[in-house]
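Each structure below is given as structure tokens.
Here come two complexes built around subunit A, the first alongside subunit B, the second alongside subunit C.
Our next item is the complex of A and B:
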């Protein structure tokens, strides 16, 4: 298999359950040019150096840019307005400094330590309630029963999105997360669907923000929507909507994979499951090793602003770059026995939350949710066994995780 | 228990501040202040901070050992 088509194999759904052998082949060429001109970076050292390189840009054609309708009159009448809005929809994940830093500053000022840590009790109560609903059954469908509803409830709480509205944007969130996948961004049909979804979710957010301004509550959206003062300027409305959508989608589509991949990994390593059950203090180590071993996000795309020499290769200016985090996490140059799940490793320095200036804003929240959920699952599910291994996977190659995870249980403790 | 942070490694990710807010504090986005000798009762939180550090800048040592090393 030539190395310039290996990334196409990563995207192939047939390899979703175990992409790691392909990653190992990719690492033989740390910077591998693909046939479509993209450069895939797969070793720990090369990814690390690029994450801190200011010549690597996250600015990109927004996935929401409205494609031509095919009717020139309609394009002329409708699209300039819609395009102006869609083109301005560039959440901070697709921005470079200084704009990125300003937007991230707004988010961090609301994502306070107190607000995040106050969620402990709420997360524990949610986890207990969700596990309780499985009582009397002999199987748990982990994604539907816990991994999906938990982070959704938490992000809705944190942002101040009414939970009864959740079914409405469940499909929107999935659609927008799919738009991050490389395939979806090239396909015109998929782009059209993304734009329509974005219009719908943006309308919803606009109305919600209006309501938060009328009746502010103690939530992130109220804080972000607060009118600016001379000393404390506010975020513009377009950025505010983009930020709210980003946080909502991130809350829907990432932690679900951390929890599900986590339980799958523990069920594949029953000794580790037993150790976590006996000693919940092991949870932080288990979570960090999970973020290395089965991360929720496998890769992210960037673009070069200049020629960059890295790992013996030169990536030319203007080239798309794929930082294959999940491959760097299994780099034998960096980790001994990288394919072994071992929470007792002394040095788990992973790319599970990315790195550099785009490091996951929600990392502390994801850690709290995963820790409470996995400890509770290990302690309360009696004699859990996987129903299918490997389980069916969701389509995404980047935001990768099981579609569902059937677990046979002997009861709930 | 003795906590040592390699401030040359620290990149200001602030993950320790979320994990153990009483013992780590980031001032002005990049200057980390921390408690070098937290009480034994804080061990779980300190270990969370140690594990969560994206650059592995935090190390936790038994108090006795570190005191012997001190000049």
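Our next item is the complex of A and C:
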């Protein structure tokens, strides 16, 4: 298989269960040009260097530069829709400095560690409740039963979405998560569906923001929607909606994957499951190693604004770049025995939350959710066994995770 | 190491400590002696002009962590006063001598005192050591009048920032057109000047303090070269540092107030131009040909260099048959007026400067300095995240400006950096006649 088609192999759903051998082959060429002109970066050192390079952009193509195609349907109908996505709904993960910094500043001022810590009890209660619903059954469908409902409930709580609206949020989150996949972003049909979802959620958020301004509560949306002061100007409504949608999407599917991949990995390493069960203090180590070994996000795309020389190659200006975080996490040049799941490893600088200026804003929350969920699962599921290994996977190659994870249990403790 | 005397490290600050640690980490098991002129174990200096002055950290809470057991003999509170290379001994202020097989010179530098009229007055301070910082902090805590800062270098500016944060009226006098003109040039220095004025500093550029005048032994007035008179309650002389090489005057080594000259492998050079195979130097005191700057002799008075060069010198000391050249990209940082300032490379001699990320208007930017079409240094005002990428380009001598096509990159305009004319460069010439045994 030539190296310039290896990334197509990564995207191929048939390789979803175990993409790591392909990553190993990609790493032989740290910066590998693909047939479509994209450059896949797969070693730890090269990814790290690019994460801190100012020539890497996260911005989508600005709408003014979209060339006319001659096809009236595209030029008059679809392109304006694309423009609308780009203009009105460009959240901070698709923005560069200085706009990115302004938006991130707003989020960071509200997504405080104190606010995250305050969610501890709520997460624990949610996890207990979700596990309780499995009582009397001999199988747990982990994604449906816990991994999926937990993060969306937490985000709704964080943002201040009323409980009765949560089911609607679930539906939106599901549809929007697919929008982050490279295939979906190329497919016009999917784009349109995404726009419709954005519109629906934007209408909802607009109303909710109005209400938060009338009656501020102790939640993130109230904080973000606060009127401006001299030192802190107000956040525009469009940015506010884009940010709220981003928090919903980015904080959802990723956490689902972290919990599900985590339980899958522990079930594949029963000794580690037993150790975590006996000693919940090990949870932080387990989570960090999971973020390296089975990260929730396998890669992210960027674009070069100038020629970049890295790892002996030169990526030309204007080229798409794929930072293959999950491959960097298994780089034998960086980690000893990278394919071994070892929570006791001392050196664990992973790309599980990305890196550089787009480093995951929600990392502390993801850690708390995964820790509480995995410890509770290890302690309360009696004699858990995987029903199928590998489990069925969702199609996404970047936000990679099982469709469901069937676990046979002897009961709930 | 065959001898009985072992290794002696003269200078018990950052470079001395890190050098001693590197010797132990490098497998050296023999006797190890650390000589220090201050009575304190090694401590960290950067906080002295920041957190300590601000009262956020006690001066004695700055001890440097020791990363390995040193099993060393500490000779603290007794400065080295002489070096006899033939007898291989270091003479100390208490009259005793310490024999060495190998010597690491890490005596650093000391603050230049106020040299003019009014030098003996109370209320005139310098900041270099822990005790100086503690005394100044105590004086600031009870100060009521205006603080006069003489010199707008890094320390002067940091002190000005602390004093303003304490609510004290501050006047800063500097002979150049802007603060930090020597380190950054006036183009960038102008941005800091605006920041300082916005913070309420009475900035007096382009003039000098002629004399300090006192009453009852306490400083109370300063007269400036431009004729102005300022009533002051306290004076901080921030006039830079003098390398501590007095004790080497009779040693036959090339040493003067500009430092101790070394070869590329950190070995001290004798007056006859040969390296002394048993004497190494590191940190502020060492002046060596830096291959990253065309072999130009440089002495780098920054934290990172003390750490790296000490480890490098220790490594070469333990591997006499395989000396490696020391190539170091100098770097420093400063925090003042709510700003994080970081620089990599040596900007002196730059003929151009360009803002390459951010903008001066936005208050955060990255500037690159060029010389003869090469990038030689990069400076960040609250924009350090991209500095590593620029450091990499500077280390390989990339074209100026080094990075084209970047996020948040303005239309790159090349400007004159505005460095003041160089001060007389300290020469290799010693101030003492050559010792007979050299």
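Criterion: the second predicted complex is superposed on the first by the 387 of 413 C-alpha atoms of A that agree within 3 Å, B and C clash if a C-alpha of one lies under 4 Å from a C-alpha of the other, contacts with A are read in each partner's own complex, and residues count from 1 in each chain.
We take it that contacts are C-beta pairs under 8 Å (C-beta built on N, C-alpha and C of every residue); 3 or more make two chains touch, one makes a residue touch a chain.
These numbers come from a predicted model, not from an experiment.
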Contacts of A:285 with subunit B and subunit C, given as first, second, both or neither: first
First (subunit B), second (subunit C), both or neither touched by A:349: first
Partner chain(s) touched by A:54 [first = subunit B, second = subunit C, both, neither]: second
Touching partner for A:411 - first (subunit B), second (subunit C), both, neither: neither
Which of subunit B and subunit C A:305 touches, first, second, both or neither: second
First (subunit B), second (subunit C), both or neither touched by A:96: second
Touched partner set for A:359, first subunit B, second subunit C, both or neither: first
Interface residues, subunit B side, partner subunit A - complex: 13, 15, 17-19, 21, 44, 47-48, 51-52, 54-56
Complex contact set, residues of subunit A against subunit B: 113-114, 116-117, 281, 284-285, 287-288, 347-349, 353, 355, 359, 363-364, 367
Residue ranges of subunit A in contact with subunit C within the complex: 49, 52-57, 59, 96-98, 304-307, 317, 356-357
Subunit C to subunit A touching residues, read off their complex: 357-358, 362, 385-386, 388-389, 392, 403-409
